[in-house]
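Think of it as A, B and C in the order they're written, each chain with its own count starting at 1.
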Amino acid sequence: MSIEVRHIHKSFGPVHANNDISLKFDDGRIYGILGENGAGKSTLMKILSGFYLPDSGEIFVDGKPVHYTDPQGAIEAGIGMLQQDPLDIGPFTVLENFVYGRPDGALPDWQAAREQLQQLSARFHFDLNPDVTIERLSIGQRQQLEIIRLLALGVRVLILDEPTTGISALQKSVLFGSLKRLAKEDGLTVLFVSHKLEDVLELCDEVAVLRLGRLVGQAKLPVTTDELVAMMFGQELAPPSHEKVAPGDVVLEVRDLTVASHRVTVEGLNLQIRAGEVVGLAGLDGSGQELLMRASVGLLKPLKGRVLINGQDMTGRPFRAFLEAGVGFGAAGRLEEGLVSGLTLTEHFALVDPEQRAWIDWERARAVTEERINHYNIYGRPDSPIETLSGGNQQRVLMALMPSSPHILVLEHPTRGLDVESARWIWEQILARRSEGTAVLFTSADLDEIMTYSDRILVFYAGQVTEVTEPESTTVEELGHLIGGQGIRKEAAA
Amino acid sequence: MNRRRLLILVLLVAMLLPAGSGLAQDDEFVFGMVLVGPRNDHGWSEAHFTAGRYVEEHVENSRMVFFESLNPADAPETTLAQVVEEMVSEGARLIFTTSDAFEEDTLEVAQNHPDVVFINASGDDVLTGEAPSNEGNVMGNMVWGKQIAGCAAALATETGSIGYLGPLINDETRRLASSVYLGARYCYENYRGMNPDDLEFTVTWIGFWFNIPGVTLDPTEETQRFFDQGADVVVSGIDTTEAIVVAGQRAEEGEAVWAVPYDYEGACAEAPDICLGVPYFNWGPAYTEIAEAVKNGEWEQGWNWNSPYWDDLTDNDRTAVGWVMGDGLNEDQQAQLEEFIAFLAEQDSGSLDQDTVREEGRSLGLWVGPLNLQDGTPLAEEGEVVVPIDVWYLEQLLEGMTGDSE
Amino acid sequence: MSDGRLASRRFLGVALTLGSIAASLLLTALIIIAVGASPLEVFDKIWQGIGMKPDGIDPGRFAGVVNFWIPLALASFGLVISFTAGLWNIGVEGQMMFGAIFASWVAREIFLPSVLLVPLELIAAAIGGALWGALAGVLKTRGGVHEIFGGVALNNLASIYAIYLIAGPWQPPEGGSLQSTAPFQEAALLQPVSSGFRVSLLALVLVAVAFVVVAVALRGTRWGLELKALGKSPRSALLLGVATDRNAVLAIAACGAFAGLGGAFRVLFTYGSMRPLVSGGIGFLGLLVVLLTGTRTIWVPFVSFFFAAILAGSTRLKIALQLDQSLAGVVQGILVLMVILANGVRGRMQGQVITRLPEQTPTGAQPQSEEAASG
């Protein structure tokens, strides 16, 4: 099934997210949609999949104009989209989720649905147990479920928005294999939105590049990375320079820390982080690194052990006490944890401004916001609701909201979903603070990022921790082995 | 909308307006009926509503305007004063406020509307002298009905133990429970030939006129408890039918138990075979009399505590308090009860005046000494009648009854 | 967005609201015809019922509307606060009752000149409502009991306690009938402007002050902003340094204080004595009001007045036409439904309805308290 958009326009407040975009996608091919954050990729995909209505422009399926006003309509027209965060329903089983949204949803044929689910899983080597509840699935498994759910609904155009974020290397190769088979064997059209160039190069047949809401280039593969970068930014980028800072006093210390989730337990961990140090945490999602981070900022109560900030025992204190003690925390989900959808930029900055006491001085709040917008190069206005900003700009706001000179910054996936330029900019900000003596503790799924910026690396595997003290002398392969649980040396972290 | 359509609409509205204004025509007699509950509650409020319809049938050219469920929960937006205001604007010259919940408010509206007659059912403002001259009280004298109920229970009981399911404790409910006891004692002795002091009579107060889960005791459970503890007749003093329903269920399982429901003429239908009969209020005749009097400008203030029509207790055109004989009594027992009713009729002086009743030596049937209150305080000497006002304001249950007096 | 588009969006909003009112009137008219009455007559009776006459206003009937509006507006102002904090304060009924109970206690037990006694009663009522509200808040933040369930339970408890007082310790001298306490002393009551226009000036002033306090607190104070953040995303608010637990408790307590004042008005003016279920569902009605206005305080007086007018006007309707008493409630229900529907349609036409909201992801912003987060 071929799909074509003509002269699509879409604005959010002052932001012209899609500006006269016309594109055609043929069946049996995989298209990479590239562009930095805020380029308009996600908006275009959401228009195609019925989540947004375009302000103007038309969509054609097999040459015929189609009009739908919601995702259901899009699916009926054969177009289905996987979200950046899979949007399945928590407490239900895989099978129930699979049946959800089907036309016979009210009175489903459970046996037939189960067989279909198992067949599709087997065909693509997906690892899905129909009777497990969704909340026990990894992000990768949720994605697999979403794919076969859409397939079972008869979707002929499959849209994936940043699908490789947060999934394992194995899941990625299974995903790519299944997408290729869907295109070549079943003749589906696959639209693959990503900022990871190597993924696009590995998977796609053609690419389309967006910048600032406009279509700026199209190319058939193979092309080189440099050519793609040039299309996206007009220049090639190098990581910001970072020089080691002589470590100062211990700012964060955990002693004999035991923390647990229902999936993993980290036992008896000892760790000291000194001022000016950057410590990267590597590991598959759910290996225990997020438990350490959340325990370090008071969002998770340790089962055992103590957490000290600047030598002061903070164990059991609420998050606000950690904030006041000089801890800055950036969570992975921006609009879920950190930014308040529905509040404007000004309201966000007023909220974290310690000068704003009982009565809010809106003039001051606005001035502060203007200043932050300029300083942090945020694309938005003081009265823009935060949710109208692109992901990269939201991340900038999140950075701007953090205390200006904290003792320690604890950051979950600080550059997840960001393009190269935005990621680079975020690290500039982090490193600037580090040079003033701020310690940094961060996680990332990107091993290059961890190796580039860390002074020390802690690798988590199933709750066990291995320390790599000299990141310069390690390799991605070695880290990969550690992450996969090979070569665990029974050594306590310093 | 174009102008012509607008014009038509305005004309339409104008035509409908006069039709809607319900001002009383010259010869029409409008009266108001304010109900505390819904008009179809199979109980207290329905009895009044039915009486209102009865008045409409029997008083020429009369029309009722009513307001149901006037209480803070069902009609928070309005008060008795506003309802009365609206009824008066409809042309009402007589307004019945049919609950003791309206007693205080009725006083106030009566003062504000001296040209309208207010009748507060079950109140005693006239008796206490608080009522302005345009307010009257009316109440069927259920003391009679309850004595009959007590006699029926005593005729039926085999275990000599009777349970009384009471609502909440006040003057009215104490006098009614005690009347049942007096009727039961008398018939246990005179028709059964037993020692009345052996009769067990237990009162359980559930807390309100009907079951409110979490607030009152559960009348179903309390009835079960009565039967479990050896009673075989339960007399109901509450608005709802739990007593007879439970008795019916247990009778079906082969137990020899009976019940006397209350308040609703048709209540025996729940379980006819074990129903000993039902006493009920019948407001129609009294209300009709009052309406006629007000209409003709002959109404006089009074505290009307109306006796039954002894010749026929089921004649709803005459009696203020009715008694329907139940199939739970056999023919002999029914004959004995008829005899008792005839005895009561003789004992009714037809007067509420204390001098008259003392002189005649008869007042409210079995309310004759020697009688002691529950704590032993003498209420009446041997042969002395208890005057109606003392029965009305009964302070305690009577000696011999088990149960709380307050 | 250009000004033209902004204007057209506003126009769309107004058109949809008016359209929904028209649609609900039409639907109500059909229902009235179905029960065998004339819709024009019904609307005319309600119109008369709120005091509108061809030659002016009937002060008695208009006072009836105002007297119902006062407690409704007070409760609604309170609910705007809890609503802003994202809380479904179903417990508002119980908070009204506790306000009434506290005011009644003062009215019964303390003997002072009216100028001192009445303010004391009102303060007591605000405290009573606030305490009962805070209890729901603490149950939520400490006990993990959702405010809806906690609220329902506390409403029942308040009602049972009020009935216990009326039937027990506070029963009138002639014995408990469970209907009412004895009338309060004259000095304890709010006084009407005149016998023709029975409306309490003090209560009107109270409503005006409440309006200003709530509007200013929500727009101009840091606390208001914190509540707004809390209401939109408790998780993010926590991470931005908002004391989420404390603010949730405070928000319900503040709502309770206003609701308590509403309850006090019911006993100190409407009835002049304590009655069971004295709140009479006014708090629930307030929830409907706030459902329509959202957090826009400015609309609350108008919408609540409209509700009060329809309900109070229906007293006349019931008596004049003897129709089923729930008709006014039906009118109101349809209206609420239509306006909510119009909001949904508007959102959809503006492309803002996202069928599955991102907040619904399993890891998403489930209200999580400080307590739960820190241990």
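Odds and ends about this structure:
Quick note on the criterion: a contact is a pair of C-beta atoms (placed from the backbone, for glycine too) under 8 Å apart; a residue touches a chain by one contact, two chains touch by 3 or more.
Owing to the predicted nature of the structure, the values given are computational and were not obtained by experimental measurement.
Measuring from the average of all protein CA coordinates, the nearest chain centre is that of C. Summarising the inter-chain layout, the chain whose CA centre lies farthest from the centre of chain A is B.
Chain A and chain C have CA centres that are 43 Å apart.
One simple way to say how far apart two chains are is to compare their mean CA positions; for chain A and chain B this gives 74 Å. Once the centre of each chain is set as its mean CA position, chain B and chain C turn out to be 38 Å apart. Residues of chain C touching chain B in their complex: 38, 40-41, 44-45, 49, 60-61, 64, 68, 156, 159-160, 163-164, 167, 174-180, 183, 198, 266, 270-271, 273, 275-282, 308, 311-312, 314-316, 318-322, 325. Residue ranges on chain C touching chain A, taken from their complex, read 1, 220-226, 228-229, 232-233, 235-243, 348, 351, 353-356, 358-365, 370-371, 373-375.
Within the complex, the chain A residues that touch chain C are 11, 13-14, 51-53, 69-72, 85-90, 134-135, 298-301, 316-320, 323, 329, 331, 333, 335-343, 347-348, 350-352, 356-360, 401.
Across the complex, chain C is touched by residues 12-13, 16-17, 19-20, 22, 32, 65-69, 71-79, 81-83, 85-87, 90, 99-101, 104, 168-171, 207-208, 212, 214-215, 406 of chain B.
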